[in-house]
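Presented below are the structures under discussion, each in the form of structure tokens.
What follows is chain A paired twice: with chain B in the first complex and chain C in the second.
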Partner chain A sequence: MSTESTQQMAEDATLRAEIDRSLRHPVMFFFTSGAAWLAVSLLLGIIATAKSFAPGFLSCVDCLTYGRTFAAHMNVLLYGWCAQAAFGTMIWLMSRLSRQPSQSSGVILTVGHAWNAVIALGTIGILSGNGSGQPWMGFPNFVWPCLIVLYAAIAIWSVIQFRVRRGGHVFISQWYILAALFWFPWTLLTAHVFIHVIGDGHPVFATAINAWFRSGLLFLFFTPIAIASAYYLAPKVTGRPVYSYSLALFGFWALAVVGPWAGMQKLYGAPIPVWLQYAGAGATILLLIPAIAVSVNILKTVSAKGETVAHSPSLRFSVAGIIGLAATALFAAALALPGSMSLTQFSIASYGFDIFALYGFFSMCMFGAIYFIVPRITGREWISTKFIRVHFWSSIYGVVFIALFCGLLGGYLQGQAVENFSEPFASAMGRYKIYTIGMAIGWVFVLLANFFFCFHLLLMWLRLGRRSNHPTLLKHNAHGQVHGPEGDLDSLQSPTS
Partner chain B sequence: MVQKYADSTKPDLEEGTNVAATHARLTDASAAAEREKVLRENGMEPVSLWVVLGCFAVVLIAGGVFFKGGNYFNNAAFVAANYQQGEEPGGDTGPVLEPAFKAYMAKGKGLYAQKCAACHGGDGNGNPGFPPLTGSEYVVDNARVVTMIALNGVAGPIVVKGKTYNSNMAAQAVGLNEYELAGLITYIRNSWGNEGDVMSIEQAAEILADSDSRGGSQLSGDEAIEMIQDKLKAAPLSKEQLVDKKTGIIVDATEG
Partner chain C sequence: MTVKHFFYGLIISFAVPWLLVVAIPFESMRSLESVEFSEDKDERTGPYIPSRGGRMSNGSLIYAAENCASCHSQVIRPTYAGNDLFREGWAGASKDSRRESNAFDYPGEMNGAGNAFAHIGESRNGPDLSNVGYRYEGEQGYQDLLVRLYNPRLLEGNYKSICQPNPALFKTEDDKGQANHRDTLDVPTKEGKKVVPRDTALTLANYILSLRRDDQVPDSMNYNPRKGKK
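Entry: the complex of A and B
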């Protein structure tokens, strides 16, 4: 190895460490507060699901009616957890890939606090009965302009970092992050302007725009961020190059071209132009193409390194998330087929789909990113492999149970029962009851998973992680293996100092 | 940066790099950042044919869903049987009311242009061989005659305003409903200087019943002259009476 390259590697590592240090506070803040909101959302979700089979549950509390808890559950999940996890990952990845330490961590941290305050106000608004009533846009109307402004103050720094990037080369993840940076405010602004300003409050119009917005938020913000994280982690952790650069390019443009068309198939049969419904359905099916491109690319990249996938928490979660991406796209395409649209549009299948996409795909990718990023920005290693394992397996059991068994199966059966007009409506709802019980059980699994995750993350935030130069790997009996005894930095350094 | 690590007193493994110092510094500050692998993306492995075929299959299915057999403009293919689109919210404020004269004239104007204007002229003055409607005794004196002529036509010579016309007129107003017929006749009898009343739905029904009993034969000129004396039993509408613009039926304004 030449002097230059050793020197270069040392400088690179120093720069990486400098970037990590500069972002420690904002990124940790987004992750920990996101995890806290995730816990709140799960509790609300359990209450809402329990109420759908036991309506008397907590009925003495006025602010916990089904309509309010369910709306609060989804909106807290989206803007408390998903968005903040995405912000943390996005900021860190953009800094690392542009090789620029953050100059504005203080601003981002402050704005992050404001974001959380607004989410808290919005949640109180929903629970006190002032929600807007639109799915995924449930906060009271004053919240949205605030969120857009705060988002701009968080995201602008990543755009600037991209502009002044070092090295010139743009990595795949950067395409996705840069696109997501603009697609998020675009969908948010478009939807709200069309509903509140141009649409003049027309209910059918508002519902159609809302359906487009939900699809846009999922496929044009959460999806590219999760994909960016996976495209970073797969080659980084395995040390292998990304399987095919051209496939990555193809997958990105396929998403960019097809993504904005999807969504309005949810209004199948509604009095909006028919071609909009079918364009939405066709585009949703076409989204399988970017999903195939990305999942094949990432799974092929890691396929030769099965052991690394099993042992590295970040890679294990990311790979599970990418399998979740393929499943999400399949699920979406199945729901968009005309035959099943009419069956499922008024059933729990769409809720099952939302949960699968947001948790089984997006959140799993974000957990992968968090398990990778947190040790770097805190300078500490994860404390317990057991916690990580419980987090992983409970998440998988919970989300698969909720989404595939309850959402998809229950959704189709419920839809079929509702379509059968010779039977009374109550009996259709009776069929659906058993699946809501199943969902509540699934949510308990997910809550258990996130209890461990949240607790673990909190300990890391308090800098109580292990001081070691060895990563926390999911190996049974990790001690005394390849690297020798666990490298405790304090004891290693004591003889030399 | 190169100078920073150079320490000639410790020629460890390579010149210019103090490995121990560098290592200590890195492990202390960033054990995780130091052990990271280099990020490489330049994989150029050939993409499996199955991926391409899979994408083609997806495109085929999506295209099939999107184009849906060319049914885009066939409402029946997309909408359940007997489905009726609701009114826009706030759009259904009951029937639109108008004075009878205005509503019936508007109704008749289009029908006149469509059925009569070619022969009798847009201004009702007739054409060579076709009698005028302005000031015609058959039009002005009694609504029955002009209506019967419109419904049954005229055969043989007929004297209009002292001039004899001998052309064959076929029945023109067959198939009109009461409102349309009343509108057409009201228009003819109140345009181009003619002054008449507004034909009511009841009057139109009365004439339609008479016309049906004729069995469809054309009127002769003499028959038309006789008919002038045969007044209608039903009463005409007053010009200010409010009616539903769409149906011509009298609407009690106090109800709406």
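Entry: the complex of A and C
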């Protein structure tokens, strides 16, 4: 047995190394350019938040009015950072799970450059006063067909890899990636065709479709990618099987069945059919079911290995992200209750929710994936555990403060003041102003976190990481016995690879 | 679960809500049937035709590009969804004319690229603008609105406003001593300079003045709590 399995393990290791090598450039490109866009988005976010309590701030710069800055901040966050982090994770996971090295890295890399160029043009479009004014679809119209075509050119290779997969078994992560591959273009194409191509529908229903698209982008693209990453990392890093396969199956189909109904509760009280508003609210509340199924499953998988969660950066971020998933679903359900919709629909709670979902849940899972993937594709280990710690704690502190304290609490108080029609409107504005000051402070923490993250990632991209066979662990005296004596990775790997 | 079944499941679970929530309502709202006034209740007959004036369509393009909707809503929600009807000045010029928003209230509203899109709004960091036109009546109102767009805190009694200045919509030029045009802003400037609005500011101001959504609607779609109590 031993010789056969040893030979098998050696072959597996060679295959894995081959896959990692084949994807090094496109995946690193998506991660580093995504991280750079994240930094741009955070700067824009801080400017926008500062302008909400100090409207004169930078008012001499024409292109940085609040409206334009805010739109640029959200769109850069979504399509610059979130989408690219998702692409990088998606193509790497699909290759690894299909056990097929990528044959088309050059194409993906080229298309990735084009994607970045289009995002840059779109951002310039918004800041120069040519934005569309549609939330989450703020770029000028020419951007959307480009993004759809570029997405197809990135995603098609993952579908092909799945078709030619070795082994035949379909992993849980693969269900989620395949579903995301299928949901994202359908949602984006729907929004683009109905709003921009047909273009002459009912104005209010165009807005409703935009609301549905936002929910779709979050729950049917970013969410499945984040869950796929967590379902891969949790068993991989702890060395334990997924807690329950049937719970995973249930969680997946619950998301597939409930997710596409959500979104139109954003137009609560607007002149669209009332049942659509309540269907959206109901579905958003029901999203608690898949979110809790996934969270329980993953937390149960890692629960016996508390120490690993604490020490492995990728697992620590993923677990935080999965707790973030449950909290995101609770947050969404709280906002979708009819009683609270009238209060929070037009308040900073919606912005707080967007940030919590995109950063507190999705980005945390992506950071987890990045901390796992980057050492493998670059063949270098992370340089500083301090940087990772600062990144983790500042992120958590910043996003919880922004979203839960300022967004949720501030949003309810703001909504209450607006609903209290006997009070002058200025009192609502006063409440809003106070909480935006808090948000700005929160953003500074997130910016600090990402300064360390970007810098660290850049060093890794330049292949300045540690040449070590030891994984980076967040504990002192990490160079214990488990991984044997520390050695130079290149000299250790050369005979097998 | 085979891969084939997996994809059938995905397609069905997505296509059904897509049809019911997006495609079919889109098509049915694309051409709304007009609502008739009734002789008994409205004291007039004929179809309800929403009235809007001004350069509203190209004004809404600028409203979109400047992303005014990130802070201002344009919807008066029915009482099941909020108290908008009751807030002073939001739902109409007077207590008798106030009403909730209806599907006919957004003709010609566009996104920045000229596609039909209503600016329902993201938040109410600023007040609702459904009937903002009434807040700037007459010549003085027009001047005030331009000053407000230039820098909201220059308006008397408005120094606490957190609304953004929009210097990009205006230009500062040399004051050559001619009589001031009606559009010249009464704002403090450097010696020998004056601030005049660009076309974009005038179009946006016109759009804002056109936002008056309290015309009489047929009784069948009027839910004003005071209706009939004249």
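Here is the rule we go by: the second predicted complex is superposed on the first by the 473 of 497 C-alpha atoms of A that agree within 3 Å, B and C clash if a C-alpha of one lies under 4 Å from a C-alpha of the other, contacts with A are read in each partner's own complex, and residues count from 1 in each chain.
In this text, contacts are C-beta pairs under 8 Å (C-beta built on N, C-alpha and C of every residue); 3 or more make two chains touch, one makes a residue touch a chain.
The shown structure was predicted, so the numbers you read here are calculated from the model rather than taken from an experiment.
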First (chain B), second (chain C), both or neither touched by A:A13: first
Partner chain(s) touched by A:P203 [first = chain B, second = chain C, both, neither]: both
Which superposed partner A:Y397 touches (first chain B, second chain C, both, neither): neither
Partner chain(s) touched by A:Y432 [first = chain B, second = chain C, both, neither]: second
Chain touching more of chain A, residue-wise (chain B, chain C): C
First, second, both or neither for A:C60, with chain B first and chain C second: second
Touching partner for A:A279 - first (chain B), second (chain C), both, neither: both
Touched partner set for A:F455, first chain B, second chain C, both or neither: neither
Partner chain(s) touched by A:A71 [first = chain B, second = chain C, both, neither]: second
Contacts of A:P271 with chain B and chain C, given as first, second, both or neither: both
Common interface positions of chain A, toward chain B and toward chain C: 202-203, 269, 271, 279
Complex contact set, residues of chain B against chain A: 1-2, 5, 14-17, 20, 22, 24-48, 51, 54-55, 58-59, 61-63, 65-68, 72, 78-80, 85-86, 89
Partner chain B, residues of chain A touching it in the complex: 1, 3, 6-7, 10-11, 13-14, 16-17, 20-21, 171-172, 202-203, 231-232, 235-248, 269, 271, 274-275, 278-279, 281-283, 285-286, 288-289, 292-293, 296, 300-301, 333, 336-338, 375-376, 379, 381, 468-471, 487, 489, 492-493, 496
Parts of chain C lying in touch with chain A, wherever the complex brings them together: 1, 3, 6-7, 9-10, 13-14, 17-18, 21-22, 25-26, 29-30, 32, 63-71, 73, 75, 77-78, 80-84, 86-88, 100-103, 105-127, 151-153, 160-168
Contact footprint of chain C on chain A as seen in their complex: 51-53, 55-56, 59-60, 62-63, 65-68, 70-71, 129-135, 138, 140-141, 170, 175, 178-179, 182-183, 186, 190, 194-196, 199-210, 212, 249, 253, 256-257, 260-261, 263-264, 267-273, 276, 279-280, 341-342, 345-348, 350-351, 414, 418-421, 425-426, 428-429, 432-433
